[in-house]
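Presented below are the structures under discussion, each in the form of structure tokens.
Two complexes come next, and they have one chain in common, subunit A, joined by subunit B in the first and subunit C in the second.
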Partner chain A sequence: MLQPLRETCRRLLQDGTVQVVIGYGQAVRAVEPYPVFITDPDDVGQLVWNEQCRTNLVKYLLRKEIRVLGKPAIVVKGCDERAIVVLEQESQIDRSQIVVIGVACDGMAEPRCEVCDAHQPRFADHTIGHATNVAQPAERRYAALCEFLEQPPSDRMAYWKAELERCVKCYACRQACPLCYCERCIVEKNRPTCLDTSATLKGNFAWHIVRAFHLASRCVGCDQCSRVCPEGIDLRLVNLSMARASEASFGHRSGTDPQAELVLGNYSQQDQEHFIR
Partner chain B sequence: MSQVISKPAIRRLVERWLRQGKRVIAPVQVRPNLVSYQPVRSSDQFLLEGFVRPLNSIKQVVFPRHEQLFQYRVRGKQIDLLPAPLPDIERIVLAARPCDAVALPILDHVFNWEFRDAAYNRRRELTTVVTLACMEHDAHCFCTSVGSGPDDTRGTDALLFDLGDQTLEVRCVTDKGQSLFAGQTEASTRTAAAGPGPERRADLGRISEQLEQAFERSEWAAWTNRCLGCGACAYGCPACHCFDMVDEGGPTCGARVRNWDACQLGQFTLHASGHNPRSVQSQRQRQRIYHKFHVYPKKFGELLCTGCGNCTRNCPVSLGVLPVLEAMQAEEAK
Partner chain C sequence: MTNAASPTPVGEFEPKIVAYVCNWCTYLGADLAGTNRLEYPANVRIIRLPCTGRIDFNLIVKAFEIGADAVLVSGCHPGDCHYTSGNYHARRRWILFRELLATLGIETERVHFAWISAAEGKKFQQVISEITSQTRDLGPYHAYREICEV
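Our next item is the complex of A and B:
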């Protein structure tokens, strides 16, 4: 897998198709692979691929520090590429100016990978390898949420209070999210203030609920937010809840169909308006 | 002769401190892979072994992530300002790592510099810090590179060493530590030593001078451009202490509050005019390195880093100060 990946990247850089490859690299002493930005074809040896390549690199397509490096090629897994689909649907990227290198993935040793059905990239320009994993049945996708919802509401509230009590508002969830791309986040608006910036229980509930609203029907379930949270807050449960509602009410699974109409991003005269008084 | 205490005895002590209305903060296993300093409610809730270091820090005990400075009330033309009462609850930090405690005397400089911060100093007086010497370290630890080590006693009131068989050696460092353990320990002939600590990862002897020359280097972007611009490094850091002050409330009543802030967030230096003097992430990363290894030592004579490694541990993309310093020094060595 690694050799064809490096060769593809070398070729793309060498023939000038792209100026930078956004991929995974690893220093000798580093515990995990981390994002690297390769601009010299002779440096493709820095690229790695292993089951620690968890990070969703798609956020870097939006960061101005990386945009200045030129036309990018990006290494994605089947789950990550969904974010590219949504970014294109929401007119945040020009897909023709990005080369997507999909790498088949048999799971990243994470709980979510047990229910993943996107092992094989579908929309990449170049695909490396074939996943051997079998997609899990759809009902398993929401198993973690269903299990959580079996608890009485008071227990669930107690759970979220204990979790959000630890939130320090470092905004790693937002910064790592490929779909949190607002130039000025609502929590940073201060004329007037929309949300408490304080990391109190009230401020933390407000922040995570508003962020969930803004990602409803858009979140692709890459779980980057849960993964990067230094306090281990399992935002995956929130994401699953939104994804299930989107699928149940609108038949929409974010990022799985480039031709699909967006739930919140499209207007139709047939939209039900009975809830507007 | 040394002084020892059994682990069950220390748990009984915690029980007593809690009954006395004291606040006890100690490492708690929040998830299988997550240990965090948290207020404990019972004596069986915290760890005395089996962890390298918590992912947050004990600075929250003296410098909370959110605190009220005063409340305001507007009645007609009258405006009442009600200062927040000074803290008065005694706190005991138990089984903290030395790389956390070392930060406290470092923080004392800035909180007593041009302005003496009353709430901070009050909390410092009310806090007793009991550290637990490190027997192990992980790939992110680099305390030995900043002149510290696994049994550093700076900022510590009493230092514990694990003797195995459920027994801890107690070495009281200050009067506070003495009075906390007075009559609670037994004399013993056994004595312990900390683990070897991490090998030195960077030579920081001349770091301030090196940085003096490095400000304009073009490589800052290459060293740091994977940074996503969150505050996970700063908020998990025992020594980072930047804050923001905001008014929360409405036109008739509310409060002025102080919240943690982080230099990697894009809005940190954003001016009201819209100009941002640190407009790209490499400038923000450079600032973080400069503050810790150049500005603070120049002003106060100490690095603003204890080598705990939390910045890298907490970083979504494994950055943090050591990888940047290593990249910089590797470049210099070329």
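Our next item is the complex of A and C:
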């Protein structure tokens, strides 16, 4: 897998199709690979591919310091690729100006990989390898959430209280999220004043409600937010709840269909309203 | 209003209800209830906003932060929005937002939604009375307030 990946990248750089390749490189001491930005075809040897390539690199497509390097090629897994689809739907990127190198992935030993149905990239310009794992059935996708929701509300609240108490408001979850791209985040503005931005439990709840809801029906479940959290707060459950609601109510799975209409920002007269008096 | 007829005994729980209403329908519905002398519980604090589409989900959270026991969000019936589609957009938002509240363990039975038109003073009275008595049965909402006091 690694050799064809490096060859593809070398070719793209050599013939001038792209000016930079965003991929995974091997850190000297750390086990986790770190992102590398390769501009010289002779440096493609820095690229690696292994079971530790969990990071979703899509965020780097939006970073100004990467954009100035020229047209990019990016190495993605089937799951990361969904973020590119959403960015295109939301007019944040010009897909024709990006070369997507999809690498087949049989899982990175993460909880979400156990329920993955995107082992093989679907929208990539170049696909490397063939995934052998089969797609998991849809019912399994939200099993963790369903189990959590069996608890009474007070227990759920207690769980989040314990989790969010540890939040230090570093906003790493936001910085790493491929779909959090506002130039200026709502918590860095003076308005709305109803939003508490303090680093207290109250402010932490307010932040995590905002973060989750601004990603409602957009989050692709790459789990990058949970992965980068220095306090190990697992945000999967809130993200899953929004994904489940948008799939159940609007039949929308973020990033799986480039032609699909976005959920929020559109409406249908047939939307359910059993909860409205 | 109702309290004038039957004052609440001292120390008994009186729910605080925050109602975010749209300027064009529900606010006028509330106004009609008033001009028709329809009595409804004085537990409701009405906050008028331009449109249900304007009602930010943060406002619902904020109401609980500052001590609301229940929140009502109310606007024009589908098809009646002054801005054509504000209530449709709001409806979608609530469908998702209710799920988020449930996941976080915030009691969704304390968040109410209604369509009340400018002609429905009677419905406004009924909805407020229902919510007040329901909230009275549920008791004060401490869970979220405790978070805010830490």
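Some notes on this structure:
By our rule, the second predicted complex is superposed on the first by the 259 of 277 C-alpha atoms of A that agree within 3 Å, B and C clash if a C-alpha of one lies under 4 Å from a C-alpha of the other, contacts with A are read in each partner's own complex, and residues count from 1 in each chain.
The rule is simple: a residue touches a chain if its C-beta (ideal position, glycine included) is under 8 Å from a C-beta of that chain, and two chains touch if they have at least 3 such contacts.
Quick caveat: nothing in here was measured; it's all calculated off a predicted structure.
In the superposition on chain A, A:Glu261 makes contact with neither subunit B nor subunit C.
When the two structures are aligned on the shared chain, A:Ile276 is found in touch with subunit C, with no touch to subunit B. In the overlay built on the shared chain, the residue A:Asp40 is in contact with neither subunit B nor subunit C.
Once the two complexes are laid over each other on the shared chain, residue contacts for A:Ala176 go to subunit B alone; subunit C is not touched.
In the superposition on chain A, A:Ala27 contacts subunit B only, with no contact to subunit C. When both complexes are overlaid on chain A, the residue A:Leu145 reaches subunit C alone and has no touch with subunit B. In the superposition on chain A, A:Glu7 makes contact with neither subunit B nor subunit C. When both complexes are overlaid on chain A, the residue A:Asp196 reaches subunit B and subunit C alike.
In the superposition on chain A, the residues of subunit A contacted by subunit B and by subunit C overlap at 196, 200. Against subunit A, the residues of subunit B that register as touching in their complex are 30-31, 33-34, 36, 38, 55-56, 65-66, 138-140, 221, 225-226, 228-232, 234-236, 244, 246, 248, 257, 259-260, 262, 265, 267, 280-282, 314, 316-319, 323.
Subunit C makes touch with subunit A in their complex at residues 56-59, 61-62, 65, 78-79, 85, 88-89, 91-100, 102-107, 112-115, 127, 130, 143-144, 147-148, 150.
If you check the complex, the residues on subunit A that touch subunit B are 27, 29-32, 34-37, 55, 59-60, 63-66, 166, 168-172, 174-176, 184, 188, 190, 193, 196-200, 203, 224, 227-228, 230-232.
Residues 145, 148-149, 153-161, 192, 194-196, 200-202, 205-206, 209-210, 212-213, 216-217, 237-238, 241-242, 244-246, 249-250, 263-269, 271-273, 275-277 of subunit A touch subunit C in their complex.
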